[in-house]
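Here come two complexes built around chain A, the first alongside chain B, the second alongside chain C.
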Partner chain A sequence: MAVLLIVLLPFIGVLLAVASGRLGRRAAAVAAAGPTLVAFALLMSLAPSVLAGEVLVLSRPWVPALGLTFGLRVDGLGFLFALLILGIGLLVIQYAYFYMSRGDPLWRFFSYLMLFMGAMLGVVLSENVLLMALFWEVTSLSSFLLIGYLSDRSAARRGARMALTITGLGGFCLFAGLVILGQIVGSYELTDILASGELIVGHDWYLPMLILVLIGAFTKSAQFPFHFWLPNAMTAPTPVSAYLHSATMVKAGVFLLARLHPALSGGDAWFYLVGGVGMATMFFAAYVAFFRHDLKALLAYSTISHLGLITALFGFGTAGAAVVGIFHIMNHAAFKASLFMTAGIIDHQTGTRDIRILGNLRRAMPYTMVLALLGSAAMAGIPFLNGFLSKELFLKETLTAPMMAGTPWLLPTVATVGAIFSMAYSVRLVHGVFFEPGQGKMPKEGHDPSAGMLLPVAILVAICVVVGVAPQWTAAPLLAAAAQSVVVGELPAYSLTLWHGFTMELLMSAIAIGGGIFVYTQRARLYDLAHRIWPGLTGGAVFEKTVELVVGAGARLTATLENGSLQRYLVLLLVMALAAGALPFIQYGFSSGPQELTPTNPVAIAVWALLVVAALATVLTHRNRITAIICLSVVGLLISIVFVYLSAPDLALTQLSVEVVTILLLLLALFVLPKTAPRESSRLRKGRDIAVAALGGLGMGAISWAVMTRPQDSISDFFLEHATYPVGGGTNVVNVILVDFRGFDTFGEVAVLVLAAFGIYTMLRYANHTFVEGVPDTADDRYPVVLVSASRPLLALILLMSIFIFLRGHYLPGGGFIGGLVASVALIMQYLASGIDWANERMRLNFRVVAVIGFLIAMVAGSVAFVMDLPFLTMALLGMDVPLVGESDFVMTLLFDLGIGLAVVGSTMTILSELSHMQEVEPYDEAQRAKESDPWKP
Partner chain B sequence: MEALIASAIAVLGGCGIYLVLRERTFTVILGLALLAIATNLFLLSMGRVAPGHAPVIEEGIELSAYVDPLPQAVVLTAIVIGFAMMAFVVVLSISAHFVTGTDHIDGGEHTQ
Partner chain C sequence: MISVAINLGLAVMCLCLILNLIRLLKGPSTPDRILALDTMYINTVALILLFGLRLERAIFFEAALLIAMMGFVGTVALANYLLHGDIIE
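Let's turn to the complex of A and B:
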């Protein structure tokens, strides 16, 4: 349970930080530090059992079908990383509170930081690898937010984009790799994966899987050739660099190597890929770092170099090397975080990070100088500091690396030369900033910052010293526990002592230190040389060029496909649909089925002929829109006759009432839109459209023919069987399906109807009426007496009819949809006959409210099932009897249907009455209107 | 009878598609209406042709005698949704007409 809390607490911190928005800087810092502190304490409470070698696993099913569980795991490795994340996280929060400028909304910064912290904890404590991949993505996203935090600077935005692109693409590769891994093992749980090393390494898919996983690790840990995003990410505020780009996120890649070490290591591919990339990165980045003049850029390349060193150690594939790798992860996190913070302090106090400008700060900033000196010494690998221990162990491992029998001198040489440059840039960092006089003037005269800002640095440096002096009493137990989860079987012998005697690695260390100092003394000549022959080809430039090319290609593709013409998109869409529909015809051919045909009759032929004529007439007359609407209405009415013939009385009723409303709607639209359409299609276009239309129509007809001539095998027998009591409780199966079996569908569709009504209402209410064409009011008889006098009694009759249709729906054709539509028709008729104002005067109903009430009634009717602990919209409630009304399920369906009916009435009326409002007529005059429209009034 | 229905679907669908491809919003709406009718008929035809067997259960009639009720339920909601969407596009075209001053579907007379 504690594990779960540890992962969740930072996310709670996100919410707290956001909530603290108005309360100021201090509140934001507390909101971030509080949960972190609690999580840290919880982690400490797990320390005894983890250090004793226990593996705590918590697993909850999540999406079992995908193999995804919410599984968390605390073993030595996870514990070590969680300790780094939370411990350094606390220090960074403290540091950021002092570092970030006064005017900065800290809550935003801390909410991003906590999001990152939570995601990172998720990565290192996941038991399920899919879950880990999920958290991995969140670290990419949150680091994007943090790198681009100073979003008004274009360099920050570019750096953030670059980091996201590279790590995000790496994340995809990793995900693919982990899925393959899960397929190989048959489980996504780490416990199973770590136990199947032999199976994995021997599998056919081992190599592709390995490459994908490694791309994920290498992109995250900025290994060559994906390293360039890290220097570009230095645009982030320094606390972010100290946290993400030294201690935690970039360590996620090497964490992955460590985590999967028992399962994936072994084999030549692992050694050459991981070891090779690691050594190359270590050497190359150390070299580049020496030539960077920006403090943070120097530290960024140094980080890349050290990550390369760790990667190489895991790449050697031996247990001993893996232990050293973990040791260096710990050490590097401590000294590099402290150095980043020091760089931030220098930048903060002097206003520049350029080593060439900075100089002679030893007097102005003595405390900072001491801390920087110790941190750099640890980085360079000077004795009595933690960096020395792990670096010496690394040099020793290069001497004994496997598979290098042919060239045993290669790795030690590369390692030593890399170490020389490492020493050189460390010396430069201290000497160039604190001792050498600077060239040029610093923006601010620096002095030591407040104690609050120095404290986190001091703590980290103290750790470096203590571990460096007495490793066996400090780091050893943690290292042993972490190493145990990386190494299969017994831990190898390793010795964490300062003095191993006069060994080869001591000699290499000495060469590195001496050589580094020598290189530094030759710096002027080297800079000059580098200035002249530095290659123009950098990873960042290649990346930018690639992005430019991709974006350019995308823009060209878009410009070709998307020229702004909807007409064209529609043609493309239809042609694609035709192609997709044609595929099965081409593949399987077309044939009639064996089913016996239904005999035809003269009436049917007559209806068919009328239908065809009306449809064609709609097309032919479409320029004269009123005529076209009339033709269309003929089609709609004929179709309701067809529905009757096809044994679908409910459909016929619905079609009939919808037809009335639709035609009204189209006529209303013509108040505004032009009454005629110009001739504008070219002959060619017409030909093309006729071809598309003919093919589309023939395709639909052909498919329906093919289906209708084949025997049926439907799932509907279920509905027919269960429609009646006790399950459905009705005899009109269509209605029972609508309100009971498929009630949720109906519910959703009513929601769409209500939404459409509200969308229409908003669009028309806020429309600009400038272009309303309007209809010149030329009618002699605006409110025909016959229509007016007939509509009044009809209103009552039709409403009664609609209630009747509604009530009988469960047993005979009818129901809420149809009842609602019929009621709408009755109401609309009053608008038509007597005018909007007259009707509104007498019908003081807000139809939007009616629609919402109907929707809510349907929802309540569906939710009653919850009381009985049944799923939403279960209508048959154990056959309870309700007094006076009857069966409870009948009551519930009736209530649901009532809601639907009301929603239909409300929506339809909202739509039509809003449209009618478009017709701007002269102001309402009650007396005049009464005289005109009411024949019974004197 | 099946041939009549299939050909009616073909004619309605073809007319609908042709109108949908025209350049004025209102014509496109007319086309959508025809296309919706054709589609509804098409969906209903998936339940086969069985005149006189409405799915309203009566005593003493075998279940297999009724026509398939499922396409009917689907089509019923489709009709109502079709109306809602039709109303929406009608108002959308009216709004577009307000904004652009034209009822050309591309929002301008000479886009293409």
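Let's turn to the complex of A and C:
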């Protein structure tokens, strides 16, 4: 239970931070720190059992069919990471409170930060790998928000986009890899996966799965060649860099390597891929870091380098190396977070992060200097600091790495050269900022910041020192517990002591320190050299170029397919449908069924003949648009007679109300459009269109004929049987299907309707009015008194009719949809008669809100079933009696229907009244229109 | 007797609808067409009522009522369009 709370508390913190919006900075900080502190305490309460080697697993079913459970797991590794996330999280919150500028809306920052914290805890504490992938995505998203936090800067937006693209792409690959992994093992639970190492490594799908999972890990941990997003993410506020981009999020990749180490590390591919990429990254990034002049860029590359080191350690695939990898994760988190915070302090106090400009700060910022010195020394691997221990163990592992029998010198050499540069940039960080005179003038005269800002750094540095001096009494138990989850079987022998005697690795360390200092003394010459031969090919540039190419190709493809001609889309759509529909005819032929034909009568024949004539007339008169609309009304009217005749009263009522609303819509639209259509189709095209239309119509007719002349068991029998009591609870089968059997469809359709209304509202509100052609006003009397006085009683009558139709819906033809449409017509009638201003004065309703409320009511009515532990939108099966109201299912369906009705009224009114706003005419300008009609103009 | 009257009425209403449609197609002016449409609405009401009488179904009356109301709104909208262009001001 505590596990669940630990993961959920940060998400509660998100809500608290948002809620604290108006209460100021301090409230926001408390809202973030409170849940973190509680979660930290809860985690500590688990410490005794975890350190004793227990694995706590909590699992709740979620989507069993997919193998997805809400499973959480606390073992040594998860505990260590949770400790880092929550502990450093607390320090970062404290630091951010002082760091972020006073004018900043801190609640927004903290809500993003807490979102990240929760997601990251989810990643490290997941038992189910699918759940882990889910949290993994959330870390990418929240990291995007945090990197782009200063969204008015284009560099921040670019960095955020780059990070999201790379890590998002990696997350996608990871997800695919995890699905394959789950398929291999037959379970998505970590417990099962970790126990199936041999099965996985021997499987045919091992290599593809491994590559996909590794892409996920490498993108997140900024390994070569995906490293470039991390330096670009340095546009984030420094607390974010300290937290996400050094201590936690970038560690998710190496966490994944550690987590899956027992299951995946058995194969040769693992060693070459993980070890190779890790070593390359470690070496390359250490080299680049030395040449960065921006403090944060230097630290970013240094982080990449150290992550490479950790990756390489896991890549070696031996138990000993894995233990060292975990140890370095702990140490790196401590010293790198402290260094990022120090960089932030320097930036905050002096106004610049450029090492060339900064200088001689040792007198002005003595405390900062001491902390930076110790942090950098830990980073460089100087004895008596934690970095030394893990770095020396790393060097030792390179000497004994497996599968390198042919070239035993290769890994140690690469590692030592990398360590030389690591030493060099560490020296540069301290010497360049605090001792060497700067080359320019700093924007501000720096001085030490307040104690509140220094405190988190001091705590981290203290950890570095204490662990460095006395590792056995501090880090050892935690390391042992964490290592146990990464290693199968007994833990290998390792010694966490300062002095191992005169060994090879000590010599390598000494070379690294001496060499680093030498490289630093030669820096002027090296910068000069690097300036001349630095390659122009950088990861960032390749990325931008690729994105440009992909976007360009996408735009070209879209432009080819979507050229703005509606006629063309229609033809393509119809031809596709024709092809699909023609296939059965070609395969099986066409024949009439055995069913006897029903007799018809002369009236029906006459009506159908009229229908045909009216439909043809609509097509023939289409160029004179107002006549075409009138013909279209006739078609709608005749169709509703047909519905009545064929005993489909529901359809007839719906058709009638839709018909009149459509006419209103067309008339409103016609106002802003040309009144006659230009003659633009060639003879050939007309022929093609006629052929397509005729084939389509005849095809549909043939299909209907073939179906209806055959006896069949249609699904309607089922509905007819079950619609009435006790299952459906109504007697109008159409309505019961709409609100109950197919309630989810109806719910979705209403959602679409409301969304469409909002889309139309937004588009028209900001529409370009230069198209408006208008119609000359020839009326003497704007509001004829006959019309006005006729419309008032009609309002009451139509509304009454609407309520009647609505209420009766469950038992006889009617329901929310028709009722809503009829009510809309009643309201529009008033607009027509007396104008929109008059009507709005008397009807103070925001119809957009009405639409949303309607949708929410429908949702609530559907959700009531959850209380009874039944699926969404179960209506009639509730079957309880509510005093005074009657059966509850009736109440629920009525409520659902009411929601639908309100949504229909709201949407219809929103669309129609927004269209009528278009008519605040501006003069028609042919030249302007020609310019605007380019569909690709942004 | 009543059934003969109803059948006769149905025949007449069909004829009316045919004539209305001819007027609607011939025009010549738009008000002519709108008037023809409005007459079609009214004749449809009659047609449906007669049908309801013949089949003895009360539900037809509702459809007729709705057509009467909707037809009115449609006609007003068309007339407004002719007069002002913008049907809602």
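The definition used in the following text is that the second predicted complex is superposed on the first by the 591 of 938 C-alpha atoms of A that agree within 3 Å, B and C clash if a C-alpha of one lies under 4 Å from a C-alpha of the other, contacts with A are read in each partner's own complex, and residues count from 1 in each chain.
One rule holds for everything that comes next: a residue touches a chain if its C-beta (ideal position, glycine included) is under 8 Å from a C-beta of that chain, and two chains touch if they have at least 3 such contacts.
Source: prediction; values computed, not measured.
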First (chain B), second (chain C), both or neither touched by A:L207: neither
Touched partner set for A:L15, first chain B, second chain C, both or neither: neither
When both partners are placed on the shared chain, which of chain B and chain C touches more of chain A: B
Partner chain(s) touched by A:V634 [first = chain B, second = chain C, both, neither]: second
Touching partner for A:Y645 - first (chain B), second (chain C), both, neither: both
First, second, both or neither for A:L570, with chain B first and chain C second: first
Touching partner for A:A606 - first (chain B), second (chain C), both, neither: second
First, second, both or neither for A:V849, with chain B first and chain C second: neither
Touched partner set for A:L561, first chain B, second chain C, both or neither: neither
Common interface residues of chain A - those touching chain B in one complex and chain C in the other: 629, 645, 649, 670, 812-813
In the complex, chain B residues that touch chain A: 1-27, 29-30, 33-34, 37-42, 44-58, 63-64, 66-70, 72-73, 75-77, 79-88, 90-95, 97-99, 101, 103, 105-107, 111-112
Chain A-facing residues of chain C, complex: 10-11, 14, 17-18, 21, 24-25, 27, 30, 33-34, 37, 40-41, 44, 47-48, 51, 59-60, 62-63, 65-67, 69-74, 76-78, 80-89
Interface residues, chain A side, partner chain C - complex: 602-603, 606-607, 610, 613-614, 617, 626-627, 629-631, 633-634, 637, 640-641, 644-645, 649, 652-653, 656-657, 659-660, 663-664, 667-668, 670-671, 774-779, 782, 787, 791, 794, 797-798, 801, 805, 812-813, 822, 825, 828-829, 831-833, 835-837, 912-913, 916, 919
Complex interface listing, chain A residues touching chain B: 563-568, 570-571, 574, 595, 597-600, 604-605, 608, 611-612, 615-616, 618-619, 622, 625, 628-629, 632, 635-636, 639, 642-643, 645-651, 654-655, 658, 661-662, 665-666, 669-670, 672-674, 677-678, 680-681, 689-690, 692-694, 696-705, 707-709, 712, 714-717, 719-721, 723-724, 731-734, 737-738, 742, 745-746, 749, 752-753, 756-757, 759-760, 763-764, 767-772, 811-813, 817, 821, 904, 907-908, 911, 914-915, 918
